[in-house]
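As structure tokens, here come the structures.
Both complexes below contain chain A, partnered by chain B and then by chain C.
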Partner chain A sequence: MKQVITMPKLSADMKKGVLAAWAKQKGDTVKKGDVLYEVEAAKVVSEVEATVDGVLTEVYFEEGDEVDVDTPVALICSEQ
Partner chain B sequence: MKYIELNSDDIFLNLATEEYVFHHFTDDSYLLLYKNDNAIVLGKYQNIYQEINVPAAEISGIKVARRITGGGTVFHDSGNLNYSFIAENEKARPLCYDDFLFPVIDALRAMGIDAQKRNACDIAIGDLKISGNAQSVRGNRVLHHGTLLFDADMEKLHRLLKVTDAVIESKAVASVPSPVTNIRKHLKDTSMTMTDFQSALLSHIFPSGISYRKLTEEDMQQIRHLRDEKYHTWEWNWGKSPRFTIHRDNMELSIEHGIITHCHVPAISSEATDALLGQRYGYQNLLRILSPIYGKDTETIVNQLF
Partner chain C sequence: MQERMPEWFKVKYNEEAVNEVSRLMAKLKLNTVCKEANCPNLGECFQKHTATFMILGSQCTRNCRFCNVVHGTPEPVDTEEPMHVAEAVRDLKLRHVVITQVTRDDLPDGGASQFAKTVSSIRSLCPDVTIEVLISDMKGDKNSLDTVIAAHPEVINHNIETVAPLYPDVRPEASYERSLSVLRYVKEKDSSILTKTGIMLGLGETKEQVLQTMDDVLTTGCDIFTIGQYLRPSPAHVEMKEYISPEIFAEYKEIGLQKGFRYVASSPLVRSSYRAAEALQSGDTL
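Up next, the complex of A and B:
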């Protein structure tokens, strides 16, 4: 099963965020609750966690890229 | 909410204390107040080389520190009071800036200051900023901290911030400069000291009396360890800068995590170029590396590399 990871809307007026740092790399095994990446928006640094177990098979942005809310940033493939 | 009193003016120790409380004290919400000796403080994902005048900062010996929250570069001195709220952040109802800004704004108003919220996360008097704020969110906890310019020396900041005619290309989070003012100038009672100001703020936030939590010796051991292993390291403060290139005329340097990875400087020899590759990009460090080759001309050459 594939799960698309998107840029979350972390506050009512957030339109985009900077994908500040990847905590996992393409190909890494991830567990639910692991931090995948950090977002910076409006001077808030937030950790974004995986919501499923699986393998991070795709990452679509580099560190420092500004990404619109709801845009896919990565793909996790799981066995379920 | 409990109050943790910090008595150190060491920026590295104070940032380590904040992180320690943020990550370990999850049973309650906390307020910390602290002042730092002269220091430049960067946002977590900023490029230090893009923000500060590296030669001037290194020569002055000022402390340069990186915090774990977002936003831009600020100057701290003993006239600036820092406050940190650390609290539970329910996913269903995340806290926002207003939850932390308004208790402070209300306290300032009670002192006769016409403080207003400005933009998403500043406090201002008219058009002049008196407080900049930033946050870090981790799991279900939030760290909100801000500056309160009570009686700070603004001039020092201007000397040490970035002034260069070179072009820096990076994806780092850049600072947004704002005109600022000191709170003290706007008080009816101008005899108020920093200590009075701190007490007034605390009694407004804890109207029924302050509930304290003291840091134990075991806490302090872990905080000092965090300071020494993270906040007071070159790797965190300088090396965490995102990769970038700097160029001027025909000179071009690429820097990755503070290390020179590409060097094209027509004014220097291939021997000097080889000596610079793989080295930390710092003013004193480049002087040290190039002085055996260039002697008394070293400073002129190194000045061209920033």
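Up next, the complex of A and C:
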């Protein structure tokens, strides 16, 4: 099963966020609750957690990129 | 690219938890100050199934220059709101709940009766829950304050927000003295209710002004003091002058306790209702 990870809307008026850092790299195994990446927006740096177990098969942006809300930033493939 | 934020402004975000709490709030037609004020702690609090309910709508009749809550024409009072808050408290299995409001200068009682009904509804549905209300100054009206006091929440919080010299820039529609008098009046009327207030740092205040504010607040008999970093919601809001380091926040906590507060929460991400239950759980001091 594939899960598309999108830029979260961290506040009601958020339009974009800066993908500040990747905590996992393409090809890494991730567990639910692991920090995937950091977003700077809505006053703070948010550590966005994985919500499924799997393998991070794609990352679509680099650190420092500004990304629109709801835009896919990564793909996790799980066995379920 | 924008300037990086200090390391101490890193928070967790779990989409599932945020969506779960958000869905419950939408189902019950409730507002949270967490969402309306873009609180940086929203992810952590929603993951822990805590939230601060904002009653009396989402439109505030005042336009404080530090606050992200929308200023506008207020909605009619929702008579079902008190019971909906109680249902959310039950469904979230809260042990301590914080209820705040948009300022409602348009209502004769400033919304005091809605607070009382909300406290009463929570008591009827969740009798073991402790209740904290974070009120506006209610224009200093004693009848309104009496209504809230009679509902007997465990904690009445009214934020002084900043030091007196910065009021014209930060809270132009409020009064430092009136806020102090609200805290003083609550304590005089019912000393068994814990009173609480807080300030934001980073607006250009001096250390001397912060310590003076502590002294002024202590004259009201206030029990709990909170100190957090101001974070500018947008370029239209009052400017943030500086980030205050965690070490300075820790110093203010020690000073506050030495001066006589029974509990002080002081760190960059402290907000007036952040981990509010911890103050009540510190049974040795309260």
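The criterion applied here is as follows: the second predicted complex is superposed on the first by the 78 of 80 C-alpha atoms of A that agree within 3 Å, B and C clash if a C-alpha of one lies under 4 Å from a C-alpha of the other, contacts with A are read in each partner's own complex, and residues count from 1 in each chain.
Here is the rule we use: a residue touches a chain if its C-beta (ideal position, glycine included) is under 8 Å from a C-beta of that chain, and two chains touch if they have at least 3 such contacts.
Note that this is a predicted model, so its numbers are computed, not measured.
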Combined model on chain A: chain C and chain B, fit or clash: clash
Touched partner set for A:P8, first chain B, second chain C, both or neither: second
Partner chain(s) touched by A:T51 [first = chain B, second = chain C, both, neither]: second
Partner chain in contact with A:S78 - chain B first, chain C second, else both or neither: neither
Touching partner for A:A21 - first (chain B), second (chain C), both, neither: first
Touching partner for A:E62 - first (chain B), second (chain C), both, neither: first
111-119, 147-155 or 165-173: stretch of chain C that collides with chain B: 165-173
Chain C-contacting residues of chain A that also contact chain B: 10-13, 18, 20, 40, 42-47, 49, 64
Residues of chain A touching chain C in the complex: 8, 10-13, 18, 20, 33, 35, 38-40, 42-49, 51, 64, 66
Partner chain A, residues of chain C touching it in the complex: 1-2, 4-5, 9-16, 18, 35-36, 38, 40, 42-43, 231-234, 269
Residue ranges of chain B in contact with chain A within the complex: 43-45, 68-72, 94, 96-97, 120-121, 133-139, 170-173, 242
Contacting residues of chain A [partner chain B, same complex]: 10-13, 18, 20-21, 40-47, 49, 62-65
